[in-house]
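Same chain, two partners: chain A is paired with chain B first, then with chain C.
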Partner chain A sequence: MIEAVPPPSARMSTLNWARKNFFATWYDAVFSIILAVLIIMGLNALIGWAFLDAIWSVENKDQCTYDAGACWAVIESRGRLILFGLYPYEEQWRSTIACLVVISTIALSCLPVFWSIRRIPILWIAGFTIFVLLMRGGFAGMPLVSSDQWGGLSLTIFIFAGVFVIGMPLAVLFALARRSNLPVIAKSFGFFIDIVRSLPLLTILFAAAVIVPLLLPEAIQGNKLMRVVIAFAIFFAAYQAEIIRAGLQSTPKGQEEAAVALGMPYWSLISDILLPQAFRNTLPSTINQAVITFKETSIVTIIGFFEVMASGNAAIGNGEWGNQYVEVYVFLALIYFIFVFGLSRYGAWLETRMRLGHA
Partner chain B sequence: MPEVAISIESLEKHFDKFHALKDINLEVPDGQTLVICGPSGSGKSTLIRCMNGLEGYTSGQIEVLGLPVGDNALVLDKVRKQVGMVFQNFNLFPHLTILENCVLPQIRAIGRDRKAATAEAMDQLHKMQVEAHSKKYPDQISGGQQQRVALARALSLKPKIMLFDEPTSALDPEMISEVLDVMQDLTRADMTIVCVTHEMGFARAVADRIILMAEGVIVEEGSPEQMFNDPQNEITKEFMKVVHS
Partner chain C sequence: MIKKIKSLAFAAAVTLSGITGAQAEGQGLLDTIIERGSLNCTGHNGSYLGFAEVDANGAWQGFDIEFCKALATAILGTPDKANIVPISWAQRFPAIQSGDIDVIIKVTGWTMTRDTELGLQYSRPYFIGPFYVMSKTELEAKSVKDLEGGVFCVNAGTTIERVLTDYMETNGISYEPLSFEKGEELRAAFYAGRCDAIAGFGPFLSATRVNAPNPDDFEILGDVLKLEPEGIVVRQGEDDLLDVVNWMVSALLMAEENGITQANVDEMKANPPSASIGRLLGATPGVGSRLGLQDDWAYNVIKTVGNYGEIYSRTIGEGSRYKLPRGLNNLWSNGGLLYPLVLD
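Coming up: the complex of A and B.
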């Protein structure tokens, strides 16, 4: 009798794993060691700069020299300017709450429970209205803060949320119009979308800020921020419309036929059957578009808005903290990173969820 | 004379240069089970899709339950509420549960309230023996089950006429009979049925009348007995020989 040999252990020991992945050949080993040394040196320098040698409080400001580590005191001193811009100091709690409201609105609309043609608009309109009321004030003992004074992170978030909330319904409208059976509508919307997509965002924003007031009577031109958000939303909608259109086209013809044969009305065919599938099919691109839009909000600096990037520049622009630009930019980068990384992770989670079952 | 459910007069249909239907004349009396068969590309599917306006036509006349099927969207809407259709590829809505697939059309198309719609849907799903899957999504059940759900979905709108467009052609062989069985129950009820199929055994068992199409023309029509045992036309003879072998 020959005893059965036990199967080889499937799990590799750490040593074997390292040998297989890093030291398989002599040149693998050389590269592994060089890279390891570089990584350790880099990490060492980074941790030393950012934490160990860092100066945290404003009282020690005179220790901030080139030899010392990061001078985070600048954030303590200028953080409020970066986050709130020129928003009045005593009223900044309003800006904070307004930001939190918009962030929770964004978070809530990420939950599949809210993905219906009724719930999403209610949620967005509610969140957006609360934000504007809080930021603007002028009632219930809250002094009026006009949008010229809005700034910092809350302005960035306002622009992003405004563009998304106005742009998304526009995008759906554009996409449906471009697919219309009436050639006049389909062609003219197609032409309009292609024109908008072929213009740089900067040009469109400049036109909205500077040229539109020359063309429209004062009564209907609104304030500059409003015009810029609407122009940005149209730009966003032109791109998002093409994404939605792709989603509609990837939905099998049979879906529409089944709904039509069942006697479901056109609006129901669109809102219950086609759009939900189109959005599910194109979620990665939609999230990508949201990420791009969030990052592009910094462009409004150029037409005189004091969003987070501009207020960051202002924080180091007055000489007092002029040497701490690296710290301020790192801080700004962290803010962007948190938003963008959050969106990307959310996108990845959705894709897994949809692959496994159903969203 | 029985009432006429569907009447078609000198129907012509072109796809650009392709002449898909040539001078079709057809009457389906109320309660009849009509099977349309014929080689692929003969225009069977086009004909059945004209009956509820999924496909337009070049000239001629179609009347369903006395209503003219044409360009008028309001009339088409009335027609579709009384005519159910089952497709080759099921066409269930993949983002909705089985139950919601059956409930939503009732709410949207005929304005039934959710409670009544749910009761009706569960009743139909029960008759199709798929009520156990009501909470699942379409891609979690087999093709045969999906087709029975599609049938339940159409039936929960209480149509007077059912159109079947090759309902078993996309199914694995072992699932065909479970779908044909529930369809057979329908033919015993007094519903008007038009069915495009290649299942000649089924046609023989349930059809009141069979028509055979080839190249956009109705070549021959008659009772199953006649068509199977005593076909007159050469094309019919050839077709019957092929499907029997």
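Coming up: the complex of A and C.
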């Protein structure tokens, strides 16, 4: 009889793991070593540049030479310009609070407690009203700041949130209209969506900002920021509508027929059966679209808005800090990264959660 | 793509300028500005070296901004009434047609297309934009000819490429062009020694030199590749406003010619050394009413922003970081191209 041998331990020692994955053959070993050296050299250079040799304060600005590390003094000196744009200096606390209000509105609407047809709109209308009141002022001793002067990060967030909030209901509407049983509605909305999608975003925004005032009388023009957000929202909605339509088409036809056979009213069919499944099935593409939209907000700089990217350019576009563009772009990249990474992590969390609910 | 949109917007703007023109009929833009109590000028969507920059507090400054303040002071008595609207290059002409802005003061060259086809009117040039070549000091070049066969770096997609080609062809100088997409890349390449010389707009070259690891390594050559006269732009048909713009520029130049500065303008007004200075500063009435302004408008302007030379020095000249020489933007009496009109 042969004695039973215990199975090999599932947990490998670190050494074994490394041997198996990096040093299995002689050429594996060579590549691994070369790569490791390159990575260490890169990290070393990066850490040296960004931290060890960096110049942190404006007093040491004269040390910001070409051989030195990162000159973070530019952020100390111009950081508020990057974050707030042309917003009046003394009033920037308002912009900060307004920004936090919108961020917390976004955060709150991620909580399942608020996921109902009534609560979400109330939350958003409240958040938006507070934002606009704070930014605009003109009451309670806060001087009026017109939307021309809004800028920096809060403008970027405002545009993104505005586009999402106006665009999402529009997208649902477009998607449903395109699937309508009435050929006139279905055809005309299909045509409209295709037209909007075949125009570059820049053209649409430029037209909204510059051409519309030439066509419409002043009374119904609205202000420039409003026009741009609405135009952007329509553009977003045209894309998002197609994503939602894909979701609607992915639900088995039988469910819809069963609901109709049971005599469910149309809105109940849409909001209780089709839309929840459509949103769940298209969540990855929706998050994708949101991320793209967030990054595309920087296009509004071409029509003279000081969103965070334009403010960054304003920060380096002078003789004093003209050489510190790398530092400013890194800073901007970090800001974008925080938001976009946050968005995609949230998307991943939602997917897990929904899968649990689905099971 | 931007170019396409630009031309699309131009077309629309020009077709529609008839409509807005009709709306404005009955009241000139100058009266509208006085009634509204603010003047809408062009800023930039970012900072434009020396001409329109945003400081750390988010306030505008620069050569063009000073002219906007001067114009606001002339019309409304105080520079605080100047409302600087951030505007991109592509946006400035449609924006003036739609009435978003009243004047374009944005280093805008006087070209025939813009003057005739876009429904615009130019003031007399307030700045002569020179294109220069800057080379490495170690090459000891005295003129562009000495750089024969060298590598010239330029910004891609701007007029400078064409300007340089024209100049080199006309003068029969061979060279090797190297273009860069962004100003920052161009500078980095120049500092790193990839180019023997760079060609560009004067203020840009000055800023590049000032920010170099060692500014003495580089020098701007005296040859002017090309001149671009920059004017202040108003909508076609706003003659009253254009008159004010022209005389405002002229007053700044006349002040410099006669040694009137921000510091001594009160004294000059109290005891004008000549009859025409007395007229300019409003000691003798008449200079205002003919333009539809207060008689002390020119006094206010000089008191607020100084004379032309002071503005220049403060924003792009000796007193600033850029240290751009006056060159052609000097008064005629100092070898430049600028001169005041006759105040009679």
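A few notes on this one:
The rule we apply is simple: the second predicted complex is superposed on the first by the 350 of 359 C-alpha atoms of A that agree within 3 Å, B and C clash if a C-alpha of one lies under 4 Å from a C-alpha of the other, contacts with A are read in each partner's own complex, and residues count from 1 in each chain.
Here is the rule we use: a residue touches a chain if its C-beta (ideal position, glycine included) is under 8 Å from a C-beta of that chain, and two chains touch if they have at least 3 such contacts.
Note that this is a predicted model, so its numbers are computed, not measured.
In the superposed pair of complexes, A:276 makes contact with chain B only, with no contact to chain C. In the overlay built on the shared chain, the residue A:254 is in contact with chain B alone; chain C does not reach it. When the shared chain is aligned, chain B comes close enough to touch A:264, but chain C does not.
Judged by the touch definition given at the top, the superposed model places A:202 against chain C, while chain B stays out of reach.
A simple residue count on chain A separates chain B from chain C, and the partner touching more is C. Using the contact criterion defined above for the overlaid structures, shared-chain residue A:53 touches neither chain B nor chain C, since it reaches no partner. Of the two partner chains placed around the shared chain by superposition, neither chain B nor chain C is touched by A:351. Contacts of A:28 after superposition on the shared chain: neither chain B nor chain C is touched. Within the complex, the chain A residues that touch chain B are 252, 254-255, 257-265, 268, 272-273, 276-277, 280, 357-359.
Interface residues of chain C, counted against chain A in their complex, comprise 1-2, 5, 8-9, 12-13, 16, 19-20, 43-50, 53-59, 85-88, 90-91, 94-95, 97-100, 184, 187, 191, 207, 210-211, 213, 320-322. Contact residues on chain B toward chain A in their complex (touch as defined above): 52, 54, 77, 80-81, 83-85, 87, 89, 91-95, 104-105, 108-110, 137, 150, 153-154, 157.
Interface of chain A with chain C (complex): residues 65-66, 77-78, 80-81, 84-89, 148, 151, 200, 202-203, 206-207, 209-211, 213-215, 224, 301-306, 310-311, 313-320, 322-323, 325.
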